[in-house]
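Alright, structures below, take your time with them.
Both of the next two complexes hold chain A, though its partner changes from chain B to chain C.
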Partner chain A sequence: MNQNPRFDLSFMLRHVPDFGPAILTALEVFIAALAIALVVGVVLALARVTRTQLAWLAAAYVEIFRNTPLLMQLYFIFFGLPIAGVMISPFVSGSAAIGLQHGAFFAEILRGGIAAVRRDQREGGLALGMLPSQVMRQIVLPQALRNSLPAAGNQLVLLLQDTSFVSTIGIFEITLRGQTIAERSAASFEMFVVVGAIYLLLSAILSLAARGLEFAAAYAR
Partner chain B sequence: MISVSGLHKSYGGTSVLQGVDLAVGRGETVVIIGPSGSGKTTLLRCLNFLVEYDSGQIHVDGKLMWFKDAACSARRPIREIAADRAEIGMVFQSFNLFPHRTVLDNITMAPLTVRRGSLARPEAEREARRLLERVGLGDKASAHPATLSGGQQQRVAIARALAMNPKVMLFDEVTSALDPELVDEVLSVIRQLAEDGMTMVVVTHEIPFALDVADRVIFMDQGAVVEEGPPERVLLHPETPRLKAFLRRFIEMNRIARRMTVEIGAP
Partner chain C sequence: MGNVGSALPYLLQASVMTLRLAIVCIVLATVIGVGVGFLGALVGRAAEATILAVIYILRGIPILAQLFLVYFGLPFFGIFVNSYGVAIIAISLNMGALVAEIFRGALLSLPRAQMDAGLAIGLRPRQVLWKVLLPQALVAAMPAYVSMMPVTIKATALASVIGIWELTLASKEIAAQTLDTFRTFGYALLLYFMLCYPFTLIGRYLERRSTAFHSS
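On to the complex of A and B.
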């Protein structure tokens, strides 16, 4: 047990490699949750711009999922579904909870992106004899997705950081790994510096990738 | 080719079209003039279902165009409306090119989408390049719209509308958003279309163009047709006070033009 009140750099560095598998686990949760969030986001955004009953359902979804804490949603799924007889793994519960909430956020981002496409773009397509669905797919959505990229990049970073919530249901990702090492060693502060640094690094890479995507998707203006 | 009768449209309590009648023969170029708010644009947009009119009838090529049955208020399937729109080309004041696609893609998108199955891409692209040549932009196929001047963008928009091989072309103030020196290149494309026998309805503020190209001129004011007839008759010998008042502005411009000719020299 480390009794030294000083900042123990060597202890900190010695434990960095222990985080390897935890980082991989976090990335798995991130990718699974992102996939869910993107699908949910696109479906909800499209539902919201139709003028049907679906728009109300989608709006209700968005309001419920973005107005309740992620931790509560996670517990709802992880502890609630088994009561209803549905047994799912911590990984699936965690990814689903994060994906379902971030889906609501992505939906709002994309809805804004769609609203920012000028109305006369739609009319241009309709006047050529294209169906509204074809206009949406070929004219409005490609532009809306580009419009959404800056805000979506931001959301991507938030999603990555929210993977730390699955530590509460026993998934050994970065945060829980840091906690266990800290508890074993009593060098809590050092371990959370490492945890913070890992999130910072991953988020920075992600931000950079998002910027790159924005740049690649930009068309001549 | 087009016949409109008793067309009414109001937004909220404001009546924009108050019983418009209009007939356009095959191959005829009809120019509609009138002050802003006179209903010219709304009339064009009704022809293309971009505006749902309240009452009246529109026939294009003998076929009744409708979107809602007045008797049982059943709505017409969107597929049928789209099919009718495909036969009516429309060019807008603000070009409405698709900024995320190249000029060539802008032109081939609708034909490849609407005639999917019967039209192959190489064929669509060949036709698109032919149309680009026709509007004088044969070298701009792979350019993005935003890299073109307004006049060039509008000519691409004309080519895009022509790619659907429409029976009728509608032009909605297509030079109003252009810098003055770019107006002529667009008007000359429209003039060429008129000579080729395209049936056209042109809403414009370009009075000299109307005089030159129109087979018939229609003056609209406050949602109704006030005067119509051959361009010389309507534009040079207006009968109603309203048309006289409308044209006076151009007389004023002409007085300035005459002075400029004296000072600067004829073009």
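On to the complex of A and C.
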């Protein structure tokens, strides 16, 4: 029984530097997953606004990825695909799983952004004699991206947090590092306070950056 | 040994467990979230700031890290619960913060005129709140609230990490036995989809109905 819980602050502070490489790894996963998510998101959103078979496929993709847990997608990609002959490293599987899932979310956000562009913008472009593809690229998409920024900023923070999932396939990012230090010490709780604090700090920095981007985009007209 | 097909009843049983876990968590999250979400909008500034800070912390830390925080944190404070308790507390708190945000948002999105009109016909501020604002906020929050159910079901997958037997852990067991990870996790994905999708559809239906109502 832990009668007198004593919060071991010195132990906690001593181990903070141990998280350096883990934070870098988490950021690597974050950037790789973000790159995948942005590409997937833009492609899906564009596919969904075309009125072709592609729209249907893109919709199915979004539904499947939004209605299944990321953990299970990760297991499927990392443990399941090798059976089908596709061998991928933990880093690639982890980033791919996160990126593919968040791609579905980014697609929904961008689709909302496209829908929010006023109809007369499109009509104006067409009236000037632009091709539909030109109207999309030069008129609708830039505005849609700007419309999507606030929601995309929130999604960025969620994506950062989801990098913790790759701890389950043995990538030494922040959560797994915390777990290993916690397991070989008596100060497990303290370690996860550190882990929590690191994530909070990273989330705060990221949302500030996203807010900054939003302002920059708003004034860059 | 054996093939994955014969393990399907086992996975179905585990899906029921997942659903039960999700229902317990959503009920607790609703109690926490509605309480906190509405209280936050009612009580004084200091209490509201505290509530917002707690929501911020809960939303800023990954749910997996929160699971471990609760797992190690409760014994630290001399509270001993089994892994089920830990999983339920951690997931409910996290989802509670989300529910609180939804209900707070709904309450704050109501036009100011509602409050003014209520006061103008002679209701007390408290009456305006209970009889005018809250019923409307509940209706406005419904679509987002129903969409919380798939989010909660997906979150329960993490309980497997601390050894709770539900769909994810059961499928890991089957995968280890049959070595057919591809099919096992494929089936598990399908089962999760079947659990989540109905709620997604209901949420979307409610969403459509409410926007149709507001734009008419």
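Going forward, the second predicted complex is superposed on the first by the 213 of 221 C-alpha atoms of A that agree within 3 Å, B and C clash if a C-alpha of one lies under 4 Å from a C-alpha of the other, contacts with A are read in each partner's own complex, and residues count from 1 in each chain.
Just so it is clear, a residue touches a chain if its C-beta (ideal position, glycine included) is under 8 Å from a C-beta of that chain, and two chains touch if they have at least 3 such contacts.
Source: prediction; values computed, not measured.
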### Query
Taking chain A as the common reference for superposition, should the pair chain B and chain C be classed as clashing or as fitting?
fit
### Task
May I ask you to decide whether A:Val195 touches chain B, chain C, both, or neither, giving the answer as first, second, both or neither?
second
### Query
Between the C-alpha centres of chain B and chain C, what angle is subtended at chain A's, in steps of 10°?
100
### Query
When the two structures are overlaid on chain A, which partner does A:Asn67 contact: first (chain B), second (chain C), both, or neither?
second
### Touching partner for A:Phe165 - first (chain B), second (chain C), both, neither
second
### Task
Would you sort A:Ser185 into first (chain B), second (chain C), both or neither based on which partner it touches?
neither
### Message
Can you tell me whether chain B or chain C touches more residues on chain A?
### Response
C
### Query
Should A:Gly124 be classified as contacting the first partner (chain B), the second (chain C), both, or neither?
first
### Task
Look at A:Ile139 in the shared chain and tell me whether it touches chain B only, chain C only, both, or neither; answer first, second, both or neither.
first
### Message
Just to confirm the geometry: in the superposition, how small does the C-alpha gap between chain B and chain C get, in angstrom?
### Response
20
### Message
Help me check something: in the complex, which residues belonging to chain A touch chain C?
### Response
1-3, 5, 63-64, 66-73, 75-76, 79-84, 157, 161-165, 167-168, 174-175, 178-179, 182, 188-189, 191-193, 195-196, 199-200, 203-204
### Partner chain B, residues of chain A touching it in the complex
120-121, 123-132, 134, 138-139, 142-143, 146, 219-221
### Message
Could you list, by residue number, the parts of chain C that touch chain A in their complex?
### Response
57, 59-66, 68-69, 72-73, 75-78, 150, 153-155, 157-158, 160-161, 168, 171-172, 175, 180-186, 188-189, 192-193, 196-197, 200
### Of all residues in chain B, those that touch chain A in their complex
48, 50, 78-79, 82-90, 92, 94, 96-100, 109-110, 113-114, 144, 146-147, 160-161, 164
